[in-house]
């Protein structure tokens, strides 16, 4: 296995990691500030992808499609927050799990009702398509590089937002002490809606960005949702930094596990068994990673509260 | 407000009467539906011990349901195909006998619950929810790629397994088996709640620190509850597999874990008959709404939302008042 | 070797740069009430947590009846005879009053692993639980849901649960908190008689109660014990007046 | 759907005729695989409508692609609806959950899509007929095509589940060259960057993949964007009418194997394509053709015998005396098709992506398991 291939796989892991971060950041923010477990976060991802595909289909513009994804997901977020979610902040986790599970059912079936059962078309814009040659002679798709760039840019923007702005102060206050926000004279319910919309928009953006290289279909958010949960649990729930570290870890584990585990097993098993066993273990790798993290650090890598 | 004990009696009587009526009017499918409700109720009774009394929100009980199912699938697979099961230390022909299958299912899922519980109980809250989910996902992916037992395709069992003295292929007889299993589990549950252990467990859920200061270890209490819970859900898995004469990785899916939680909340958390009412409602809705429109998930979602937002404590809470009132 | 029921030796605990316990050595002797007072944030709760378990000191030891229990869990210390009450009631609110004391009785019996027998049918547990209720005067309320009790009754129930354990020593965290004048007076009288059964380590803000009850008082300020002595000694101690009463005034 | 049912029922009432044959269709109408089920159902309904018969009552149910729901529906069909014939299942794992038990209870099952190997070999059954293909067929054809195209170093990949393992086995059964690599991916995987990088590094001269549904869409989009230009071969599933529009230009030029194509130039097929497009406003897919053929096979048998006469009815089905949209069609001893499988190429017609036949991959091909079947 050549160095070039390994570098390329690391890039791939990084790319899926930063996209996962977009999902995980919203999820962890919503939990950190409002204490809410939002299973419907994957539905917002799906909403973003469908909005992007619909707008790209009409206008042909990828940028407009991304804007539409952000807007649609944020709007869906605001709608859901005001109608349902805000009644759940005081409820226990059990009620939150059930209510947002119900929202998944409604979102999925509703999307099917509107868009039908066939996958939609969303493609990479021509100005981002095709491979580029990186130093060292690595051929790598430009779009995936753009995804890495976009993901890191969003991470940076989030950091600035939270550490350097007035809203960020309020959000951090919300994570630590609810009474303090009230003392700061902040309208709590507005802040909560804003945070939820922000998380939703990030999920929608991820859905649109990833939708261009995947299949835009009903149910596309569920596998990502579970991975995003694994991510924030590994990172420590409520911590944006943890979400970032967790996302990169999960992305790398998944990508590198699926490539190298079969190779590893081939050293001491016959090829067919090695391939099958390696593939199964690669499927389980992130869950094993998460269990190990929790067994040794029950509040995640960067979790403050137990 | 209705007395909870009256409601409980009416529910059980109803669950028994519907299939008997169906038998009279020759509607065997209704019996099948009632059997399904009884088995799902049994699985949820198991989960309710951990969730309702132990306060352990397990989002991975599909693991035990699936282990129960695969216990049945693997044993019956070897028996029906006449391929001995080589365990390394001993060779076993497999079996088509339900009692043996149940024993294996209960022991295997209890063992799994012990291991998962030991590790998961180091965490709490959301972390516990997620780590149990992670363990169930591991089983799911393992089952999918376990080629020997059909992987994603699962294991079809051509003829339902045997129970001494009964013809299990007759729907009403198989319903009887499942109904009795449910009654036994409910009885066990009722005794458990009134026992010293039940009192301690119930307190461990509400105020773990108090339980510690009287010299008990809440984590150990919860672990024991988790093991019992897993064992009962495992038994339900074995029965479910026999109802369908089929086992597949979907028994391990996170949707199933979610559905079991839904059943309990729908009926009422920590109520003896909550899982039964929830399962009956769920199966009825699935059948009735599913017959009306293919988009019935929207309606189901709306109903669940309604329960969470407006009927805290589930249907039993709505009918009989909040939990713990005597 | 010692007749100290509870003893701490040089307990130290820091949270970041904050020293919550700074080399604390105190003891509780048979038959006495030893009160610990100090301003808010002085580290009283931190000290109690380390004595009862749940918080491990960075350095130092906790001894119970002369035996080092620093490494033991809360539950193990309880089994060794530590009876604790909480500042904020830690009761199973959904359960009845009787069930709460039964929990204590069962903990004392050390036999929770019975899954089949009804706890209400266990005569010896029930007698022990009802005796405790009788002593604190909650017998008539025994079938009421705990959440329906008044604040004062919950404090009484806290004490009753500790009584069921028949402990070698009580550790009470602000038992008077939130009680009215009448309630405080009643509880003061009750605790006064209790010291004959087992000594009490009492953390309390209510100075009237402290001065009425305590055989000895230790003053905790910024994680340090600045003085230990009889009521009169503490009243007249210059350091205490400056550091503690001065700040309060 | 309900409306159509109602009209058939009303028609039956109007002529005073009792519905004589009851057909139960369990298929996937919701979830990720719904497109396939819809096509099978619509193809089937079209054939029923064209036959003009009003004595066939069709009950359709959605299995949600969940095995336990499929089993429950099957119990309902048999116990409550008391159907004579069942059909409709799309996915092999659901087929294995339902079919063995249904045929053992005396119901005739006509499979419009799934053909698991267990039911083709030792597990064959006189009540079970497959009107589509045995699962390995299209993969075998892809292997055969790779030989004719002169490929000698293939990179092959499929999801890590039984159908995926069968796919690779099927390809290797016919393919005679070397393997540059062999990978099992995760079921439901959406990102194939890692696999594509391995393909790029492998030095292969061709890529064979079996990734049904959304997995194929994702793979093809990412493959086209990666700049790897090694030719791709696959079974028709990832290039069918239903999903080609979602793949877009990324699929252009890819060769895939199928027993049917809309450009098979026989009158019955041209009429089918035309009437399907007119009725539903979309081009028919492979699945639609299979649904259509299944219904026509059923109707041809009903012309000859009544389902209550089980032996005669089954014999009539075995004759396969109907005009298939794919041309010549007959059953082997295991009641699976013996048929020609074509190589097709993805092309663009106007703004619609579709397939065009470029050659025959396997002529009159039977499956590899027929010999194990005990039926004569």
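By written order: A, B, C and D. Residues from 1 in each chain.
Everything that follows uses one rule, which is that contacts are C-beta pairs under 8 Å (C-beta built on N, C-alpha and C of every residue); 3 or more make two chains touch, one makes a residue touch a chain.
The UniProt protein names, listed by chain, are C = Lipopolysaccharide export system ATP-binding protein LptB.
This structure is a prediction, so every number in the text was calculated from the model and none was measured.
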Each chain counted as touching subunit A and subunit B at once: D
Reference subunit D; chain at largest CA-centroid distance: C
Centroid distance [mean C-alpha coordinates] between subunit C and subunit B, Å: 43
Chain centre separation (subunit B, subunit D; CA means) in Å: 36
Interchain centroid distance [CA atoms averaged], subunit A/subunit C, Å: 48
Residue numbers of subunit B (touch at least two other chains): 141, 144-145, 147, 295, 297
Numbers and ranges of subunit D residues touching at least 2 other chains: 29-30, 160, 165, 184, 186
Every chain pair in contact, whichever chains are involved: A-B, A-D, B-C, B-D
Subunit D to subunit B touching residues, read off their complex: 1, 29-30, 62, 66-68, 71-72, 75-76, 79-80, 92-93, 96-97, 100-101, 104, 116, 160-163, 165, 184, 186-187
Touch list for subunit A against partner subunit D, complex: 2, 4-5, 8-9, 12-13, 15-16, 109, 112, 117-121, 123-124, 129-131, 139, 141, 143-144, 210, 212-220, 223, 255, 258-259, 262, 271, 275-276, 279-280, 282-283
For the subunit B and subunit A complex, residues of the former touching the latter: 51, 57, 59, 119-120, 122-127, 129-131, 133-135, 137-138, 141-142, 144-147, 254, 258, 261-262, 265, 269, 295-298, 300-305, 307-309, 312
Of all residues in subunit D, those that touch subunit A in their complex: 29-32, 34-35, 38, 160, 165, 182-186, 188, 190-191, 193-195, 197-198, 200-201, 213-215, 217-218, 221-222, 225-227, 242-243, 245-250
Subunit B-facing residues of subunit A, complex: 31, 37, 84, 87-88, 91, 93-95, 97-99, 101-106, 108-110, 112-113, 226, 229-230, 233, 237, 276, 279-280, 283-284, 287-288, 290-291, 294-295, 298-300, 306
